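Two complexes are shown next, each including chain A; its partner changes from chain B in the first to chain C in the second.
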Partner chain A sequence: MTPPLIQLDGVSRTYTTPAGTITAVDNVSLSLGESETICIVGESGCGKTTTGRMLAGLLQPSSGRLLFEGADVWEKKGKDLARFRRAVQLVHQDPYASLNPTRTVAQALAPPLAKHKKAHGRAARAAMISLLERVGLTPPADFLLKYPHQLSGGQRQRVSIARALTVDPRVIVADEAVSMVDVSIRISLLDLLHNLSTEFHVTTVLITHDLAVARYFARTGRIAVMYLGKVVELAATEPLVSDPAHPYSTALIAAIPEADPTITRSKKRVSLKGAEVPSLLNLPPGCVFHPRCPLSEPGLCDVVVPTLGDLPGGRSVACHVALRERQPAAELLGVR
Partner chain B sequence: MTAASGLIDRRDVSRIPAPLAGLIEFLRMMSRKPVGLIGLIGVLFFLFLAYVAPFFVPLQDTVDVTAIYAKPSFAHPLGTDFQGRDVVNQIVYGGGDIITTAILAALFSTVIAITFGSIAATVGGRIDALILAITDVALTIPQLILLIVIAAIFRPSSFFALAVILALLQWPALLRQIRAQVLSLKERDFVEAARSLDLGLMHIIFREMLPNMRSYIVIHFIIAMTLAIYAQAAIMFLGLVPLSGKNWAIMLYFAYNQGALFFKDSFLYLMGPIMAIALFQLSLVWLASGLEDVFNPRLRN
Partner chain C sequence: MPVLSVRDLSIEYRTRRGPVQAVRDVTFDLAQGETIAIIGESGSGKTTLAVGLIRLSPRSARVTKGEIRYDDGKRAFDVLSLDAERLRRFRWADCAMVFQAALSAFNPVINIWEQFLDTARAHGMNDKHKVHDRTRELLDLVHLDPKRVLSAYPHELSGGMRQRVLIAMALLLDPRIVILDEPTTALDILTQRAIIDLLRELRGRLGFSTIFISHDLSIAAELADRMLTMYAGRIVERASVEDLFYRPRHPYSVGLMRAVPRVSGALGSVASIPGSPPDLIRLPHGCSYYPRCPFHVEQCLKEDPPLIPVDTPDHEAACIRWEAVAAALGSDAEAPVAEKLA
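Let's look at the complex of A and B:
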């Protein structure tokens, strides 16, 4: 069996702050195949950005391994490491910070083409034009001499995607790549990222706090829901959205606004016990979600930490109650 | 194909702006702020006066006792000095050394500051602490007094040696700025992107970081020049360096020591070099203020 393209193997990341040690990401495992789309969803502070940065090899995990084609990335050196760095590109959240304000679009795209593809002069220009076309900046020649401040947020985001594509990456990690652009152009940016995976076989990881964005982007892929540093549910998008197993996913999905008022009225309301997210410095015992969870069972959820367990259909969930109640009947019979 | 993209075709896209286009753009930007433009013209005038004019104006170095402290006339627009020599002629010949020394001092101090500021910020740890400690010491010592002591001990006779001494006093302020800039720039997303595109350290320093510090560097360079000119004027006026050749500051020294203050006739002999220094300094400061706008790419069109 070939190893997955890129894999997080039980990675954790802790930070030491004056107030104590916090675990931003706790024992997360995730493996991604070729040209897959996956969304990491969660509220701010849940560790999704940290996870993305570890996936891109920009942040070393405190424990656990990052594997690329089966080999540990943090043991790579020299050329091998450089090859990995180019294979995984991060598209940053803030398009105003991710482009050098003193360099034009052409100056941003030319150096990686010159260094890694030996494309100079006319060849470089042709490559840049085709990249800009690919990311939907038309007419491309008009953009080459523009400085970042002459572009809109969405256009800048496209330029940073084009810049990432100069090195033919295998994986693109887009960290909140659409949260800072106007709602009206989000869809086209999401389509652009989605097409990278279908047409160019790039594995795309979108990190977002917006489940509606995740549902749209990863419609053919998977969603990982994170809460306080842990993956609480990982499933194909369609089943996760239509039938979430984890109570936190249920609450997130219930919170997606619907355009149709009749759906909104008939929608199942999930009432969490509180809106307050516990501090990472003082995590509750047992399941970290139990203080807010409507299904929480005293004596179980506030004592035992749930681990990610498999459910039928290739989904996994970290919830005692969901795992118990969704255990297929056949399996239960088999146990008896 | 439109005319605009045809224009782009002729240039290497990775090297835009081409030098000529860059110069036109620079002048266009400068002309937006009158003060900066006046400064630029002033600086160019003095550079011309100091480096080009001596080729056309013969040196008048002969003592003429019949014309001591002569009144302004067509032959001597600013009169003559205590030995009957033309003041304007001395001003023309007196700029070269002082400006060359100032440029060299500014260049050395900028190179020191960029090199060690970047090292401190990128290496960090003990090296950073050491560089910062030395910088702080250098910042706290009263500069002019230290300069007087160094000049009195070494008595630098060449303008190169003098420039080195002046540079050793001027790097600390820019070093702190460069260090702070590099510390902030190296965390920026576009630097991280360059790192992940594997573009190399040289590219990151010279193409991503330095262009973002251009304004600090150029403005420091100009301010360092003004400080170097004041410092030269001070130590030469005090007679701490061997007085040789023609020099605005040496003119001041002689004007003062030959009692020019007490002769009403010698007013212009004293004011000549003072005005030359003051106007050149003013031009530099105005140029610096005009350049601030040029280096902000947001103001470009």
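Let's look at the complex of A and C:
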């Protein structure tokens, strides 16, 4: 069997702060195949960005391994490491901060082309033109000499994606890549990222707090829901949004306001026991969600830490009750 | 009797390249207890309009014409004609504004109690005990524990708590109108839900009118009675929340509705709006949405269409092609636009 393209194998990341040690990401495992689309979803502080940075090889896990084609990335050296660096690219959230304001689009794209592809002069220009066409900046010649301030937020994000594509990556990790652009153009950027997986077999990982964006982007892929450093649910997108298995994902989906007045005003809610998210410095024992969870059972959930287990339909969930009842939380809470 | 009547309001910014026509001929009424949502992309003029209503615009802005009539049954006046002292009283006492819950909405070096006291004093409430009682009452109202919050500094509170404090502070002088600028942006989903529920509860209890500006259509779907779509500084559609979501008649409203994916129900045919908003210094001749509009005809180039009644007298759109838009959507059923176009 060929190993997955890229894999997080039980990674954790801890930080030492003056107030104590916090575990931002706790024992997360994730395997991604070629041309897969996946979204990592969660609220602020859940560890989704830290997970993304470890996946991109930018942050060394405190424990656990990052594997690329089955080999441990943090043991790679020299050419082998450089090959990994080219294969995995990151697209940042803020297109206003991620482009050098003193460089034109051509000056932003030329150095990686020269370094990694040995493309100079006319060959570089031809490569740039084709990249800009691929990211929908047409006519490309008009954009080559523009500075970032002459571009809209959406256009800048397209330049960032074009720059990531200069080295023919196999994996793109996009952290909140559409949250700073106008709602009216988000779909076109998501389509662009999605097409990278369908047309060019790039594995795309989108990190987002917006479940509607996640559902649209990963409609043929999977969603991982994170809460306080752990993946609490991992499943194919449609079953996850229509019938969430973990009580936390159920509460999130029930709480989301929808752009449809009738649906949004008549949605069934899940009432949580507490509004405050516990501090990472002082995590509750057992399941980290148990103090807020409507399904929590004393003696079980506040004692034993749940691990991801399988429910029918190819979904994984870290919830004692859902796993024991062999039913998704949405059914148990009556909000399907 | 509307509590606020805006007539032909136009606001320009002076820039080196020439005047930016940020708000053009805006007319609408806000009824007692009503909630109006203003939607549009960034640069559509919605924030300029909202800030302009309480004359908080930056110095480079100038109202070129129009009237903002306030009438609460006891007093009636044009906000644009108030002198500095009366304007100061109008702001907060009659019309308060809730900004995004950023730290910058607070004074970082004083605690929450002092923020309340500061605001109260600026508006002539000098009795410390009265202010204290009122503050505790308001914090209870927004479901915050006064003991915990009053002595805290802004940076010690979570985003959701800060937003609750800002809402409580806006209600200090019992205003008739509350303007909310992106009240739930940058908040997590569960916090966002709690703030939406809180706003609904407070509005029901206290009966104030609300204008809110958001690029997030789902907040409008939750809270609005009526909606205004703005494009290039103009109101291009005015409708009830149901009409705007299920039966929009301006192609730009259709585009906005279609650009937002949903979590429940069918995904439908979602799509972005092509192109970008026009340069407000050099507006295109004719309809300013023409270059991005899939419904345009040659006639659209000739003149900027006025708002005209469509379907019902309470529903207006500034589009000569509104019937073609209606035909493209087909059914008038209560289903989202992306589903109808699928």
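As a convention for this text, the second predicted complex is superposed on the first by the 324 of 336 C-alpha atoms of A that agree within 3 Å, B and C clash if a C-alpha of one lies under 4 Å from a C-alpha of the other, contacts with A are read in each partner's own complex, and residues count from 1 in each chain.
Definition applied: a contact is a pair of C-beta atoms (placed from the backbone, for glycine too) under 8 Å apart; a residue touches a chain by one contact, two chains touch by 3 or more.
Just so we're clear, the structure is a prediction, and the values are computed from it rather than from any experiment.
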Checklist line | When chain B and chain C are modelled together on chain A, clash or fit | finding: fit
Note to self: I want to verify one number. Taking the Cα centroids, what angle sits at chain A between chain B and chain C, in steps of 10 degrees?
What the structure shows: 80
Note to self: So in the superposed three-chain picture, is A:56 touching just chain B, just chain C, both, or none of them (first/second/both/neither)?
What the structure shows: first
Next item on the list: Could you say whether A:253 touches chain B, chain C, both of them, or neither, answering first, second, both or neither?
Entry: second
Notebook entry, point to check: For the overlay built on chain A, what is the smallest gap between any CA atom of chain B and any CA atom of chain C, in Å?
Noted result: 12
Next item on the list: Take the contacts of chain A with chain B and those with chain C, and give the residues found in both.
Entry: none
Next item on the list: Over in the complex, which chain A residues touch chain B? Could you list them?
Entry: 56-58, 82, 85-86, 88-90, 92, 94, 97-104, 106-107, 110-112, 114-116, 120-121, 124-125, 128, 139, 141-142, 144-145, 147, 149, 160, 163-164, 166-167
Item checked: chain C residues touching chain A - in the complex, by the definition given at the top -> 41-42, 158, 160, 188-194, 196, 215-222, 224, 241-242, 245, 255-257, 259-265, 267, 270-274, 276, 334, 336
Note to self: With touch defined as at the start, can you tell me which chain A residues reach chain C in the complex?
What the structure shows: 43-44, 152, 154, 182-189, 191, 209, 211-213, 215-216, 219, 241-242, 251-253, 255-265, 267, 272, 275-276
Item checked: Partner chain A, residues of chain B touching it in the complex -> 4-5, 8-9, 12-14, 16, 188-190, 192-200, 203, 207-208, 211-212, 214, 297-298, 300
